[in-house]
Amino acid sequence: MRMSRLIDDGTSVAVTSAKPRLSLVTALQILVFVVLVAAWQLGAALGWIDPFFFSRPSDIAAKIGEWLVTGYLWPHLAVTLTEALLAFVIGTVSGVACGLAFARIELLAAVFDPYIRILNALPRVILAPILILWFGLGMASKVALGVTLVFFIVFFNTFQGIREVDPVVRNNARMLQASDRQLLRHVYLPSAMAWIFSSLHTSIGFALVGAVVGEYIGAARGIGYVVAQAQGVFDTTSVFAGLILTSAVVLVIDLGIHRLERHLLRWRPRI
Amino acid sequence: MRMSRLIDDGTSVAVTSAKPRLSLVTALQILVFVVLVAAWQLGAALGWIDPFFFSRPSDIAAKIGEWLVTGYLWPHLAVTLTEALLAFVIGTVSGVACGLAFARIELLAAVFDPYIRILNALPRVILAPILILWFGLGMASKVALGVTLVFFIVFFNTFQGIREVDPVVRNNARMLQASDRQLLRHVYLPSAMAWIFSSLHTSIGFALVGAVVGEYIGAARGIGYVVAQAQGVFDTTSVFAGLILTSAVVLVIDLGIHRLERHLLRWRPRI
Amino acid sequence: MTTPAVSCRKITVRFATPSGGAHTVIGDISLDVEDGTFVAIVGPSGCGKSTLLNLVAGLLQPQLGDIAIFGEPLTGINRHAGYLFQQDALLPWRTVLDNVMLGLVFRGVPRDEATQRARQWIARVGLTGFEDRFPHLLSGGMRKRAAIAQSWIVDPRILLMDEPFSALDVQTRQVMETELLDLWQESRRTVLFITHDLEEAIALADRVVVLSAGPAARIKGDYPVALARPRDVAEIRLDPEFVELYRQIWADLRDEVRQSQAQGFR
Amino acid sequence: MTTPAVSCRKITVRFATPSGGAHTVIGDISLDVEDGTFVAIVGPSGCGKSTLLNLVAGLLQPQLGDIAIFGEPLTGINRHAGYLFQQDALLPWRTVLDNVMLGLVFRGVPRDEATQRARQWIARVGLTGFEDRFPHLLSGGMRKRAAIAQSWIVDPRILLMDEPFSALDVQTRQVMETELLDLWQESRRTVLFITHDLEEAIALADRVVVLSAGPAARIKGDYPVALARPRDVAEIRLDPEFVELYRQIWADLRDEVRQSQAQGFR
Amino acid sequence: PAADLTTIRVAVGGAGCLCYLPTMLAEQIGAYKKNGLAVEIANLKGGSQALTAVLGGSADVVSGYFDHTVVIQAKQKVLTAFVAYDRLPGLVLAVSPKTTGVASLKDLVGKKVGVSAPGSSTDFFLKYLLRKDGDDPGSVAVIGVGLDATAVAAMEQGMVDAAVMLDPAVTVLETKYPGLKLLSDTRTEADTLRVFGGQYPGGVLYAPPDWIAKHEKETQALADAMVETLQWLHAHSPEEIAAKMPDELVGPDKKLYVAALKSAMAMYSPTGLMDEKGAQAVIDLFSQSDPDIAKAHVDLSKTYTNRFAAAADAKLGIKN
């Protein structure tokens, strides 16, 4: 463990406990993947795992290949991703905005606190029919479902992040005559940034969950629709293929978030 | 806004922007409640809101009263709460433990990072059948569903919270010869506490969501079962009554979490 | 008589103790500071110097008593004051340059002009070449110097400084002291300056206020410093008048510190 | 010849600059410290003093060169050293008492004994009555004193101190200096002591090391202090030998600071 | 050209169920298009959700079980069926392969029985069977197990002792466990008559009466398309039907699908007409099970109309 990043000039001494090397990490990741998949395939072959319920990796791969070749998947994936991204953006923006407002306006926070908690405890999936009622069977209802999941995760973290601001730094900015807006922009937001990003990693997953579950409950297209249909005809392979593909896509989006985070939080001491 | 809590000795001067007074807050909370309920009831009476979809507050209150009197609700509520609490505890403990492990062991974090993200992006509700397959139709499958929701929220926040520890404080403890265990107990955990608590507020809600949704999909008792039954016969009143009651219970649990948080984080400067 | 820049009337400050009691930090202090004077505040560690500055800054409200700034009762933040905090107070997510120009940006100075003025100030505190560093990459003394530039650049009518130079080596410190005196000479701002270095206090100030040991600190002594201006911070320490004043205040201070130690030490 | 307590051989430290380049902070320094000696380190602000202490503490690895502690190459944390950091380093979630006894708790000392010893130390640094306060409720000087107690209580074989007394008023400071000398006299630990106060350095140390201005700081001078022990930190400043030494080192230091300013200031 | 087609949004509560097959088949054989309709089929998790979607205006027509039009009258809402494509309900009460000693309904007392969801048609069916047999419906523990893989898993693992199921789930189990004990199989006309004393409608197309009034032409077109489809269906073998269906509805096991289809063929009505006795049977069944429905005095004439199906039959020259 080091206090800070050092420059390694090649001639230098060995450095203890450096960041694990990239190639090693990749190798191990692949190893884990191979082991898991092999165990699954073997389990299915030996009858420990019932392929009726869990399918087989080889079948899933074949199914994914088929979808990619026939292009069957793209329109569904496009719909689901659009919904998830919209839910993510809307949920994040509103979560951050409300978190800021609540953290700054004590009366607001005190009065609405129990209501926010009640809403957070509502099982949204049960409310899905109501969302469909309000927003129809199209994208809007799925986006709404996703937003109800993302919002609270982002909200609670933003709220807490703002309260974590170093009082001395905040007072310094106030003495430098920052207006409330400027305080928000230059002090509260950057200070809460680590908190907000932490919630984004969770919430991108939940945005997708919202979209897929919404489609699963009622839709005419989207991955959730595909999965629901497959489940109806005991096509476990397609269920897994659909889930795996969506996860892969989220992984890519999350990587983007991670990049952004690294950039925006480059001012922090590296541990 | 004040730098710190002052003692008000009665004779003292007016203090600017003090914490909003408790009675005012309560009054406003009740006002908000009354306005919302009245609008709802009135909307239903005037036909703006279709009671078929949204019921009426008076009906809901009557239904809750009936349940309480006949005792119909208690066994269901008990089941759901047990599931939610178990999911909450298991999810939190495992989330914190994994968060700690990941934050401390870089290789582990690097290798499993994509897998954690993939799992987080899986729509659990679709996996509910698989959970039922593994854990049966009883409580265990609902607890498992709740855990899959709670775990990630707590995990990501713990992971980040640990990384937020002040490097100087950490180095100080290391120079005082803290062992790795001691470092964890005396430095990392307390430092991450604010982060962990922030995630607990979100996750208690999700623990309940997991339990109720699990029951909704397949169970013989529990609030989710009651709600599913009511939805099947278009009994919106019971749906809302069930949801409202559970939310109320979560509110009480969350209050407990809040108390604990206040106690454990009493060392922080009040803003 | 002109209205004083800062006027504290019978101020009392109490803090809650963990055990639920009250800890009186400042007990019934009154203090007037005329506009344009340089006041140094000295006193034992933990007696309430920073608390006093927080009061004048408007960051803390007293339980009893009133504070007026240029004759107006102080409510909320003191808009006339700049404050150099005892602790690290730079925005960690801003580079040195951005930190230094922050006050200008807040006041709506155009970015170009602000950048240019900030660069000048960075040079004055000897941080040229470190403009694009984030604070955690600086040494303690460098952070302090950046903070000095940050609070001086906006040229506030009242300058509150809490041990600004204690993290600096002797030479850099003299440079900064001279810089401060030059600045003050030009614009005659009101300065409240906390220091542990009595020599520094006398060398710089028009008036040295000695606080008594806490709890319930009072003003123990209030010494006018009649030394001629402009002063050379290095030379003046040899001035007999300086030495005499030092002896007087020191005697006063020593009593206080002794008392504070009697309460706390051993 | 005995093995030195600390031995640095041709140490070079570079940091990455934001622009992607490298900034050499310490350039090829070699330094041996015999066991039981009290070494003071002085040098201009930002020259690399804290970096040097981090190296000896094992918190930072040099790009080039080796460090040995009691003859053993240093890998990871230096288990023989106690470190009093320049920044606030108390655990904010622990009361003063808990903070002070932390090192003992880590070493498995029974709680009762640890508490008792911690209370003694709290008294020695004058914080009696503040045992159950959390750090953010203390003044800057009080926090520093708590940190002093925290690092001294475990009585490490090598004591690293980074500007321990600069936040203290003159009198408290003398009390702490005396305390430190007493402690050292008893147990003859090895001390590396960074200060900006040259008088303090000479009054306390066996040896004063002057670092040159950065970048690539080197050892500019290394002065043995032959003043008799035990010393009275207040009286010794009047000793002619002291004054002569001060003059010598000051001349040396001034050059350095001037150079550092020429690079940075204006 | 597509621009001339009227778009109708049809909500189905679980497109995988064979009971709804004609809805999808019509699309596959181009029956909708032929009648000037563009149909957009939305798949919902359950029949009640499909109904809610139509009442809320997010869909126009439900392809679902007739019994919902009865239940909903207790809530002062009216929905009218205009084509009945299933003349048998297709509900099967099967005993878990893990459970021994259940030979009749009586043996279910004190046991756990799975239904798709509490409060659903399967639930009511179970209770009706029990009551008819003279058993107390409260004496069995009802568990929601869904319709598809969950239900199969619950049966296979013995999490429930018996379950009310639909196809293809029943056929899946039957294939895996050839001796599967069925306590009641309303995929057959015989069992349906024994249980209900007449035909008992399953899947129908229904819509709010005012929608029908405003969309006479479209309703008729839907009825026409559906009856054509039924005719086509009975004129083809299960293999040919399966070949027409989209892959995602057939699933990975075509043989299984065909097998299920075979046992389901009798279920599909050739005419699309509602049997009045059957409709009355539904009302009776639900009035018995649910006091609210009994109180509501369901108006049979509002629950369905044979007007459109009769006209369609006439057009195609089908004799009734």
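Going by the order they are written in, the chains are A, B, C, D and E; count residues from 1 in each one.
Methods note: a contact is a pair of C-beta atoms (placed from the backbone, for glycine too) under 8 Å apart; a residue touches a chain by one contact, two chains touch by 3 or more.
Note that the coordinates shown come from a computational prediction; the quantities given were computed from them, not determined experimentally.
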Chain pair, B-D or A-E, that carries the greater number of C-beta contacts: A-E
Farthest-lying chain, centroid of Cα atoms versus that of chain C: E
Whole-Å gap between the CA centroids of chain B and chain C: 47
Chain centre separation (chain A, chain B; CA means) in Å: 18
Inter-chain centre distance, chain B versus chain E - centres from mean C-alpha coordinates, in Å: 40
Where chain E touches two or more other chains, by residue: 52, 56, 148-149, 153
In chain A, residues with contacts to at least two other chains: 3-4, 53, 129, 133, 171, 216, 231, 269
Sites on chain C at which at least two other chains make contact: 15, 59, 87-88, 95, 134, 137
Chain C contact footprint on chain D (complex, rising order): 15, 17-19, 42-46, 49-50, 86-88, 95, 123-129, 132-134, 137-142, 145, 163, 166-173, 175, 196-198, 253-254, 257-258, 260-261, 263-266
Partner chain A, residues of chain B touching it in the complex: 3, 19-20, 24-25, 28-29, 32, 53-54, 106-107, 110-112, 114-115, 117-127, 129-130, 133, 152-153, 156-157, 159-160, 163-165, 167, 170-171, 194-195, 197-199, 201-202, 204-205, 208-209, 212-213, 216, 224, 227, 231, 239, 243, 246-248, 250-251, 254, 269, 271
Partner chain C, residues of chain A touching it in the complex: 4, 168-169, 171-179, 182, 186-187, 190-191, 193, 265-269
Interface residues, chain D side, partner chain B - complex: 57, 59, 77-79, 81-83, 85, 87-95, 102-103, 105-107, 134, 136-137, 150-151, 154
Contact set on chain A toward chain E in their complex: 52-53, 128-129, 132-138, 141, 216-220, 225-226, 228-238
